[in-house]
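Below you'll find the structures, each written out as structure tokens.
Okay, so subunit A shows up in both of these, paired with subunit B first and subunit C after.
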Partner chain A sequence: MNSAQIEIQLIASLVAIACTIPGTFLVLRKMAMISDAISHSILPGIVIGFFITHNLNSPLLILFAAFTGIITVILVEYIQKTGLVKEDTAIGLVFPALFSIGVILIAKNANDVHLDVDAVLLGELAFAPFDRLLISGVDVGPKALWIIGVILLITITLLIAFFKELKVSTFDAGLAASLGFSPAIIHYGLMSVASVTTVGAFDAVGAILVVALMIAPAAIAYLLTTDLKRMLALAISFGVLSAISGYWFAHWLDASIAGSITTMLGLIFLLVYLFAPSKGIIAVMYREKQQRTEVSLLTFLLHLKNHNEFEERHVNHLREHINWQKVRAKTVLELATKNNMIIVENNIVSLTKKGDKFTSKAIDYIITNEDAQIEDMKDDFFLFRG
Partner chain B sequence: MDIQDYFSLVFSDYTLRTITLGTAILGAVTGMLGSFAVLRKQSLLGDAISHAALPGIAIAFLITGAKDSNTLLLGALVSGLIGTFWIRGIVKKTHLKSDTALGLILSLFFGFGMLLLTFIQKQPNANQAGLDKYLFGQAATLVESDVWLMAIVTGLCLFVLLLFWKEFKILLFDADYTKTLGFNTKIIDILITSFIVLAIVLGLQTVGVVLMSAMLLAPAAAARQWTNSLSTMVFLAAVFGAFSGVFGTAISASQTNLSTGPVIVLVASVFVFFSFVFSPSRGLLFKHIRVIKNRRDLELHKTLSFMYHIAETHDNISHPHAIKLLNNFQGYTKSTLQKLVEKDYVKLEGKMWRLTETGFNTAANLYTKQSTDDE
Partner chain C sequence: MSKKIAVKVDDLTVAYNYKPVLWDIDLEIPEGVLMAIVGPNGAGKSTLIKSILGILKPIAGSVAIYGKPYEKQRRLVAYVPQKGSVDWDFPTTALDVVMMGTYGSLGWIKRPRQKEKKAALEALEKVGMLAFKGRQISQLSGGQQQRIFLARALVQNASIYFMDEPFQGVDATTEIAIINILKELRKAGKTVIVVHHDLQTVPEYFDWVTFLNVKKIATGPVKDIFNDDNLTKTYGINYKVSIQE
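This part shows the complex of A and B:
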């Protein structure tokens, strides 16, 4: 590994961390698409800033472009407030318009601007180490590293300083407001951090990767935990993991680093989406299947309790009466037998004492429909736990 | 070439005619289907789908190695559909919210698509140049067969829309009711979503991945401001979309260095802005005028009822009083007083005013009417 490779991985990792922190809060606040809007609509800000400063890495340009990001948020909120269209439509109207202005500005001034729309969307991480920051002639490292480092430092400081406020306002905006934290300040603070991060990172990794790094690690972590601190930590680790593995994947494939990092994030997301312990798709489907069986069992027991006649309780009759398929009927019968709720004698099914008690309780529950009761019931009897 | 040249050339010049027709048809079909997306609160779905279509284009190229636009669009269609249904899966089966799901699929698919595109660019295949036109779109690459394809899809779409109009409409406004009526909501839902995906994919070549969502949203959002009826909205959205396409093409053709996609989007945005401001029933301008008018009415009433209270204490209701008695607090201004005079509620005599009979009665009724309203 040569020094350029180390620097690229370092930049990618720092970008990942810097994006993940505001991204986590955006995802929790259901504003993930705002990051997409910001990442597109900073384009005119960057172009105009570039006309003024003639330097893509100038802090002034970053501030200017970040300001465009804030304007986007304000515009979206203004349109929402008029009530003419729904929230998501407002987002969808604002950013393409701003982005178009940016594209046209670039196209009209193609000769003066060394700016390429592709580069804005995708960035080119591979070139980042070549743009060095020189302080009085001494090479202190790539500019991108410094920019994103400073942004990350600010983000972390703000995160630590306002963690409590952010947490409260994210999960209970009403409580936060009544405690005296201004929701507007926290909201716009978060938006400003998101904008600055987007602008600072776009040059190195492109607008799309910024969006991916803001949303994906947070979403992956959200599938694995419900604790905010753990979620942040997990999200950051996934971000860094995908940044580094993505770099090597791109190295091997000789393709875009940004695209490759995103692909890694996609793979991680796919894995977690499928296999996450309690919220993954497989776990959810398994749970749903169990619940279906539980409901079937309950129906079955209720049927038994309602009928004393032998013909109603004959095994074959049950099948046609409740209209279950063979397999499901068998599962339910087995489950009930295993839990000592029924006994089968000469193909006649009858409730045991335990089954009778359980069914009575279940009827009580269905009549009163109070959550507390079914929870107790589950503890008393249940079922899949042994 | 300026705009006038454009309009004189549009009927004779092959390229211009093709592009104009193409963008007009595209605008019409996206506007039509966009109405449904907007009303179903799926506005950003278009954005996600158009980004999600990119890997499909790249994969289709990798498999066939040819740049035939129909095959590429087929790939885009498949990958757009996968993205759409994955978004649904995420929203339905996990606790991630729809905005997160949209953002995830959008960025992950697009990133993957970019990876493939850059990978393709490194391949020793001379054919690969020009794939990136799908990023921002190039209306200039439209040929007659593309326009035919668009026209056929639009016709098909129109046919299905008319055939299932009732079902689409009821699903849009009351999904639960539709289900209880016995309609298969899943199939209707899939049908309309697939058509939205199809329309987006068609537009990729012209407007590009990034701006396609605006084509879907803007005409529909503009049309929504002018009407409360679905059929009118769909029709208006189609008209707005078509005009955005034509004007956008005209403007970009009359200037150098202007790509068509962004101009079309900007024209559509102008339509939206105009509708937001000037729509008679919902527009901001008329809403504001109504607010001002109401405020004035209220102040007029306030002055009148204040006068009424003074006049009440006198035997002769038309007893003159000094204007000085009135002040701003009662909503008095010179113009309100003038208005009262015009309505013949009040008579002015020098620096004195007195209530007329009609004025007194109106004020009395005003009072009772207000109090009953309040109850």
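This part shows the complex of A and C:
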């Protein structure tokens, strides 16, 4: 690896981390689409900022553009508050309007400078190492690295300082307000960080990748954990993983780095979506099948408990009595036997002591509306699951 | 009566989009009562609580907690929102939700430490949920989730408790457990204000009641004012509830 390659991967990784942190909270607040809106509507902010500063890397320009991001959020909320349209419609109205203003401004006034729509939307990570930051003539590294590094540092500081406020206001805004943590301040704080990050990252990776990096790693992590801190850590890891693997994928294909990173995010999401241990599609399907069998088992045990007469408990008649297909009846019978819940003597099925205890407890839970407890009880009684 | 007034509401009017939801409410809640707020759907019961707690901005009127504005008295007040108002799939545990009750006394930036954790564990024990402390909140039953919310309010160690329909969607066992805790709070001299739906249980659970339907219909001791007349005025139809003696 040469130094440019290392620098590109470093920039991509820092951008990934900087996007993932606000992104995790956007996903939890069900505001993923707002990042899409911000990333597009900062365009007029960048253009106007550029007219004023004449410098694409000026911190003033970043603040100016980030301010457009906040305006987007305010406009969306304002339109939504009229009650005439829903939030997604409001987002769809605001950002194309602002974005198109940016496009026209560029076409009319900025044709002669390095500022075009492609660059804003897609960025070009491969060129980032060429734009160096010189401090009194000394080369201290790529400008993009410094910009995103500073933004990341601020983001991490804010995250550590206000973690508990972010958590409580995201989970329960009403409680946060009653405790004195203004949800509005936290909301706009988060939106400001998201806007500044988007602007800081657009030059390197483009607005589209910013959206992908804000949403995808958080969505992946959400499927894998039930703990907020772990979700943040996982999201950051997946962000960095896709940044680095995406770089090498692009290197191998000789394709756009931003596009490859986004592809990697999509692939990782697909894998996790399928194979996540408890929330993945396959796990959910397996669990549903297990649950169906176990509910059948419980129904069967209840039937046995309710009926003492032999004809109701004869193996051959069970199918007719509880109206099950052959396969299902066999599966259930086998499961009950394996778990020592029943014994079969002379083709007559009876509950064992254990089976009887399990059934009585289950009935108790059902009539007191605590069905959820049955799941816990299964761990104590079942040797084999359905 | 020489009892202190815990909550005083003066000329409170709240509107959504210019339609009044609460109209000129005057209300005095004495210290140490266990009070139900009853009224039909859309009567503004939740809105009243939210306005007292500063979550909603009224268009007129004022609220005082022990004679001072709510902003100065936050530490004296605990709030249990409606269970349905939060996302129970949020990645967090029962213990962590209860810990949130300690955030108010910590203020901005400071983090909860051992002391706060200990208080949260004690509150969990009080509501019989200690065994579930590490459980992800989506894996709790409706009744258990409500107990977690109650524990979160208990940990605030407040003087006044506001609860928005704490009995909604809970089983009978939990309902009894919750009301027993509320009665204990009253015994300890706390004021408890509950948005309540089940009129049948009002005389059994509460000693004070406020009838609300956009306007305040009546407020006072259950034994004096919980009668068919006020119920009819509030609910608009001929209401009959047999009152247990």
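Keep this in mind: the second predicted complex is superposed on the first by the 354 of 386 C-alpha atoms of A that agree within 3 Å, B and C clash if a C-alpha of one lies under 4 Å from a C-alpha of the other, contacts with A are read in each partner's own complex, and residues count from 1 in each chain.
Keep this in mind: contacts are C-beta pairs under 8 Å (C-beta built on N, C-alpha and C of every residue); 3 or more make two chains touch, one makes a residue touch a chain.
From a predicted model like this one, the values you see are computed outputs, not experimental measurements.
Asker: So, does A:167 touch the first partner subunit B, the second partner subunit C, both, or neither?
Answerer: Only subunit C is touched by A:167; subunit B is not.
Asker: Using the touch criterion from the header, give the chain among subunit B and subunit C with more contacted residues in subunit A.
Answerer: Result: the larger residue contact count on subunit A belongs to B.
Asker: In the overlaid three-chain picture, which partner chain does A:273 touch, first (subunit B) or second (subunit C), both, or neither?
Answerer: First partner only, subunit B.
Asker: On the A-aligned overlay, A:33 touches which partner chain: subunit B = first, subunit C = second, or both, or neither?
Answerer: First partner only, subunit B.
Asker: Which holds for A:222: it touches subunit B only (first), subunit C only (second), both, or neither?
Answerer: Touch status of A:222: both partners.
Asker: Check whether A:137 is in contact with subunit B, with subunit C, with both or with neither, and answer first, second, both or neither.
Answerer: Neither subunit B nor subunit C is touched by A:137.
Asker: Jot down the residues of subunit A that show up as touching in both complexes, subunit B in one and subunit C in the other.
Answerer: Overlap of subunit B and subunit C footprints on subunit A: residues 30, 222.
Asker: In their shared complex, at which residues does subunit A touch subunit B?
Answerer: 27, 30-33, 35-36, 40, 79, 82, 84-86, 88-89, 91-93, 96-97, 99-101, 103-104, 107-108, 110, 117-118, 121-122, 208-209, 211-212, 214-216, 218-219, 222-223, 250, 253-256, 258-263, 265-266, 269, 273, 279-281, 284-285
Asker: Please give the residue numbers of subunit B that touch subunit A in the complex, ascending.
Answerer: By the definition above, subunit B touches subunit A via 38, 41-44, 46-47, 51, 89-90, 93-97, 99-100, 102-104, 106-119, 122, 132, 135-136, 210-211, 213-214, 216-218, 221, 224-225, 257-259, 261-263, 265-266, 269, 272, 276, 282, 284.
Asker: Inside the complex, what are the residues of subunit C that reach subunit A?
Answerer: Of all residues in subunit C, those touching subunit A are 17, 50, 53-55, 71, 74, 77, 79, 81, 85-87, 90-93, 96-97, 100, 103-104, 106-109, 111-112, 136, 138-141, 143-144, 152, 171-173.
Asker: Which positions of subunit A touch subunit C when the two form their complex?
Answerer: Touching subunit C from subunit A are residues 28, 30, 83, 161-165, 167-168, 170-172, 174-175, 177-181, 222, 225-228, 230-231, 368-373.
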